[in-house]
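Read from first to last, the chains carry the letters A, B, C and D; within each, the first residue is number 1.
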Amino acid sequence: MSTGQLIGNGIAAFLTLCIFSFLYKDNPFYKFAERLVAGVATGYFTMLLFWTNFIPKVWEPLYERHEIIYIIPTILGIIMWTRFSKKWAWVSRYSIAFYIGIGSGVAVTLALYTYLFKQLQATIAFPISMDVAGINQLLVVVAVLASLIYFFFSTPHKGAFGVASKLGIYVIMIGFGAGFGLTVMGRIALLVNRVIFLKGYLIALFGG
Amino acid sequence: MNIFEKIMKVDRRWVYLAIGLAVSIPAVYELVATYILKKENTTINIPITPSPEVKKVYDFVESMKPGEHLFICVDYDPSSMAELNPMTTAIVNQAFAKDIKIIFVTLSQFGPGLVEQITSSLAAAHNKVRGEDYAFLGYRPYPAITILAMGVDFRVPFPEDYYGTPLDSLPIMDGIKNFNNLKGVIELTSGNTADFWITYGNGRYGFPLALGITGVMSANYYQYLSSDQLLGIIPGVKGAAEYEELVGFPGDGKAQMAYQVIAHAVILVFIIISNIAFFGTRKRKGGMEGGAQ
Amino acid sequence: MDRVKFLIPTFILFIIAISCVPAAAADIVADSAIAILPPNVSDVIVSDKPNDPGGTLVVEWILPDSAALAAMPIKGVNIYLSGNHDGPFELITSLPKSALHYECSDLQDGESYYFKVTATANGLESDGITSAAGIPSGQWFNTERLPILIVVILFSITAITFIIKARGGYDFYVRPIAGIKAVDEAIGRATEMGRPILYVPGLGSAADVATIAAFTILARVAKKVVEYNTRVIVPNYDPVVMAICQEVVKEAYASAGKPELYDPKDVYFITQDQFPYTAAVNGVMLREKPATNFYMGMFYAESLVLAETGFVSGSIQIAGTDQLVQIPFFVSVCDFVLMGEELYAASAYLSREPQQLGTLKAQDLGKVTVVILIIIGVILSTIGMSGFANWFNVG
Amino acid sequence: MKREIPILIVGITGFAMLIQYFIPTDWSETIFTKSQDWIIIIGILSMPLGIWSLVKANVNKLKDPNEWFYSAVLLLGFLIMIVTCLNGENLSGNSIFNNIFNYVLVPIQSTIFSLLAFFIASAAYRAFRARSILATILLITAFLVMFRFMPLGPVSTINAKIVSWILQVPNMAANRAIMMGIGLGATATAMKIILGVERTYMGHD
């Protein structure tokens, strides 16, 4: 490690410990790191967006390529600044409306495709049979139906419907338990990486 | 307050401390072993039982004959290196040791650096020559289109390899037109490229496909095992450690496994203690109804 | 018709090809200098590529039967293109034998194109079969996506019907959802304790539907906040989301006739970076000690960091997200959770407007349809009719 | 003017994007990519609103004797990043900007992320108690899934099989059902917005 890297990693190690100190309780070191990173991150993203998005998406089309059509989104974006004024703030609704309109228009078909159709197709694509795979498929179908019934809003969950919805929430809970258990590995790995970083820094500082 | 109630209400910081210690033990052990005891091998050896889905991938590579071709797609970026690099290394080690020829491709923007890093170190260790024993074709965006094009001919998306050599001048590509000339594909990914390989790769061209994925992703891909669209899955660090165990090259996967096992054990012990305490308090409350609290 | 026209000659050729094979094999063994051409491909069909903007034709062919060709293994095919049936043909690509079709793009819509497909083997090439004319064209409607259009239309009709019915006074039953009932109580509790309410709208942008659902819930929360004379803090990740949250909260104060009490400093921007944002919200929780924390919208890995810190600071927590991976963490730590669809239903529940409840009814009818489709689909798959399942593979 | 026109804009753009999905022509594709570009442009041009909000709040706090130091740190961090990247080439390479990114931003980000290892343990400790049937199911499943890490020979082999089944059958079924619900809910909400039934995000006037 060069001296520069050693100093850099020293700062990194100090900030790592500042954040970890939060586990004990809120303290000035954590607060320092928290505010520092909020400032640095905002500065970082502002400049990143400026160079990688504003320049190629706004400046170049308008100023260099004279693509007049880009005036529309630019005006819509600048309209957002009316929010600085109390009197004219309502004008910004035009841009917000455009933003939300595009978002929800795309969402209708996207949600139907990725969430509904793909899942539906995957559920019904395999046959039920008397071997292990076939019986598992039968169980999957029953479990999917029960879980769907749990999400019914306009029918009282009573009688047979209530039994199905109860089975449904049990299945959902198994799913959540599995999801929780599976994630532990990845989260531990993150902490291990920090520990290995600190260890490497100690070795570089004293042992290396 | 009896002991059970105390355990139930234990300050969360004791839990934090336990996890912190659990994760530090292997690191401290390594430091002590290396610098104080001056030991050579500092990896904590944890017995590992390979799961069936990992064993299947291993058996598949093991069944290949020297000189046959394996295709490895490195589709992750540096942020998931910790989980996926160990399995890539283990597979490449196994294949090189068996004189299997490997073709690498990446569909991730940051993939080329990773592939170069892996191939350069492992090829040297196994005395393998680029262009003869392995090839790196490079990176292309648009995974679906690239996979479909490779199904026709690797030369369509990759007329030249990553280093600018035309594919026809690479000895390893002699007689290798598309997926039909390969034994199979192993896709290592931290993102949705796995879906493309399943739909457009295995779905369209029917080659044997195995996945190496991060632990968080694994829940979503087990379904393809039962439908035979995948021959096997290597999930996260644990899968990598199992693979290393099978191959017999202990690496970063096994090294990380020590941390994982201890941390998981600590959490499991906490859950058990918490439940014993829970039942303890319930019983006592039942027995001491109306009594002093 | 075209198909039939070509089937006859190709069939004849095919017969000839097959009958040639033993002889050809023998000849090659005896004297490789005598060149016997490889057998031709058959069934060369050109069609317009469906559901595309135009300019692309698809060529398909059938290779000669490989079993009969042991001595002359087909290596692949060459594809030639011409504007006339009789040529001149230009080689456009060579494909391996595994290829079954070829998409030729960058053609002119409305022009006629002819393709010649030849088989190659042992460095030799058959004389080839020329296709009928193919005329590329663009389509105006993607027929593969028809199922989605049908669903959109049916869904809209049902929703509008129920909305009209509801406006006419028709009353729907809606089952109680604990997380939604808790919203009002949680705000009351904040008032009693004299502490503020924290509302985190997540990391989504204003174009994400989950975030838009979060705005609606915020509107309700803000209204109650004004009623109870307490305070709501909304830290933001996205500037557009911030602008909308400000609008929503300001509106709540205005409609209660107390516009002067709205403090724009309470709805503010932190930073557009996941973990620095999380750290800052953690700080707010520990220092402002909100009585109730709401997490509504899109959450990723920060879900558990926020929820645990909120627990430590002793807040009641209500979460709602459509991010599947994060729901287990909210379920483990928060007091109430709106899981997936419940987040979307919450706006209807909270508004209590009949037309909003009408769409809930439409959602339920959608679920009934899904249940029926699953049952039918699995039965059909089990008896071997997998075509039904593919209908939902809309690409 | 203040409310009707925006709702009309939402309706028109939303409906246009909905229709666009079914039309495979070149201009339809162009509309899609351009609209996504335009949303990004509105987002970038809105950044000043966010920056103003952040800077104003922290400049105000400079007068607060308890807060001024932290706010100064935040403002300084922000300003340094802006100043060191006035030249776009400093985004990468060995620039001050990139070094602050590597030695300040990245370690803090990944450390906050790694706090999850502690939180997941304390959440498990508190939440996984057999209080009710639902909590017990959650507890048992999570326990078995985590237990697959324990190197206990034959017990592990059996557990691996159980976990594999849990992942392939109930877990997958639950995920699918929740996703289908989300699909319907998101569609209904988006339709309500396009039709103008849902308009709370707009405020009144």
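Heads up, the rule we're going with is that a contact is a pair of C-beta atoms (placed from the backbone, for glycine too) under 8 Å apart; a residue touches a chain by one contact, two chains touch by 3 or more.
Just so it is clear, the model here is predicted, and its values are computed rather than measured.
**Student:** Select the chain at the greatest separation from subunit A, using centres from the mean of Cα atoms.
**Tutor:** Farthest by centroid: B.
**Student:** Considering A-C alongside A-B, which chain pair is linked by more C-beta pairs in contact?
**Tutor:** Top pair by contacting C-beta pairs is A-C.
**Student:** Can you work out the whole-Å distance between the CA centroids of subunit B and subunit D?
**Tutor:** Their C-alpha centroids are separated by 25 Å.
**Student:** Report, in whole Å, the distance between the mean C-alpha point of subunit A and the mean C-alpha point of subunit C.
**Tutor:** 17
**Student:** Would you kindly tell me how far, in whole Å, the mean C-alpha position of subunit D lies from that of subunit A?
**Tutor:** Between these chains, centre-to-centre, one finds 3 Å.
**Student:** At which residue positions does subunit D touch at least two other chains?
**Tutor:** 18, 21, 39, 42-43, 46-51, 54, 105, 108-110, 112-113, 115-118, 120, 122, 124, 126, 128, 138-139, 142-143, 146, 149, 167-168, 171-172, 175, 178-182, 184, 186-187, 189-191, 193, 201-203
**Student:** Scan subunit B for residues touching two or more other chains and write them down.
**Tutor:** Correct list: 12, 16, 19-20, 23, 216, 218-219, 223, 226, 238, 260, 263-264, 267.
**Student:** Using the touch rule from the top of the page, what residues of subunit A touch 2 or more other chains?
**Tutor:** Touching at least two other chains: 19, 22-23, 31, 33, 35, 37-38, 40-42, 44, 80, 83, 93, 96, 99-100, 102-104, 106-109, 111-112, 116-117, 120, 122-123, 125-126, 136-137, 141, 144, 148, 151, 172, 175-180, 182-185, 188, 191, 193.
**Student:** Help me check something: in the complex, which residues belonging to subunit A touch subunit B?
**Tutor:** Interface residues on the subunit A side: 23-24, 122, 125-126, 133, 136-137, 178-179, 182-186, 188-189, 191-193, 195-196, 199, 202-203, 207.
**Student:** For the complex, give me every residue of subunit B touching subunit D.
**Tutor:** Residues in contact with subunit D: 10, 12, 15-16, 18-20, 23, 46-49, 51-53, 218-220, 222-223, 225-226, 238, 260-261, 263-268, 270-271, 274-275, 278-279.
**Student:** So in the complex, the part of subunit D that touches subunit A is made up of which residues?
**Tutor:** It is residues 2-3, 5-7, 9-18, 20-21, 32, 34-52, 54, 70-71, 73-82, 85, 88, 91, 97, 99-118, 120, 124, 133-134, 137-146, 149, 163, 165-184, 186-187, 189-191, 193-194, 201-203, 205 of subunit D that touch subunit A.
**Student:** Note which residues of subunit D are touching subunit B in the complex, please.
**Tutor:** Listed in rising order, the residues are 117-118, 120-122, 124-126, 128-131, 139, 142-143, 146-151, 153, 156-157, 160-161, 164, 167-168, 171-172, 175.
**Student:** Give every residue of subunit A touching subunit C within the complex, in rising order.
**Tutor:** 19, 22, 26, 30-31, 33-35, 37-38, 40-42, 44-45, 80, 83, 89, 92-93, 96, 99-100, 102-104, 106-109, 111-113, 116-118, 120-121, 123-129, 137, 141, 144-145, 148-149, 151-157, 172, 175-177, 179-180, 183
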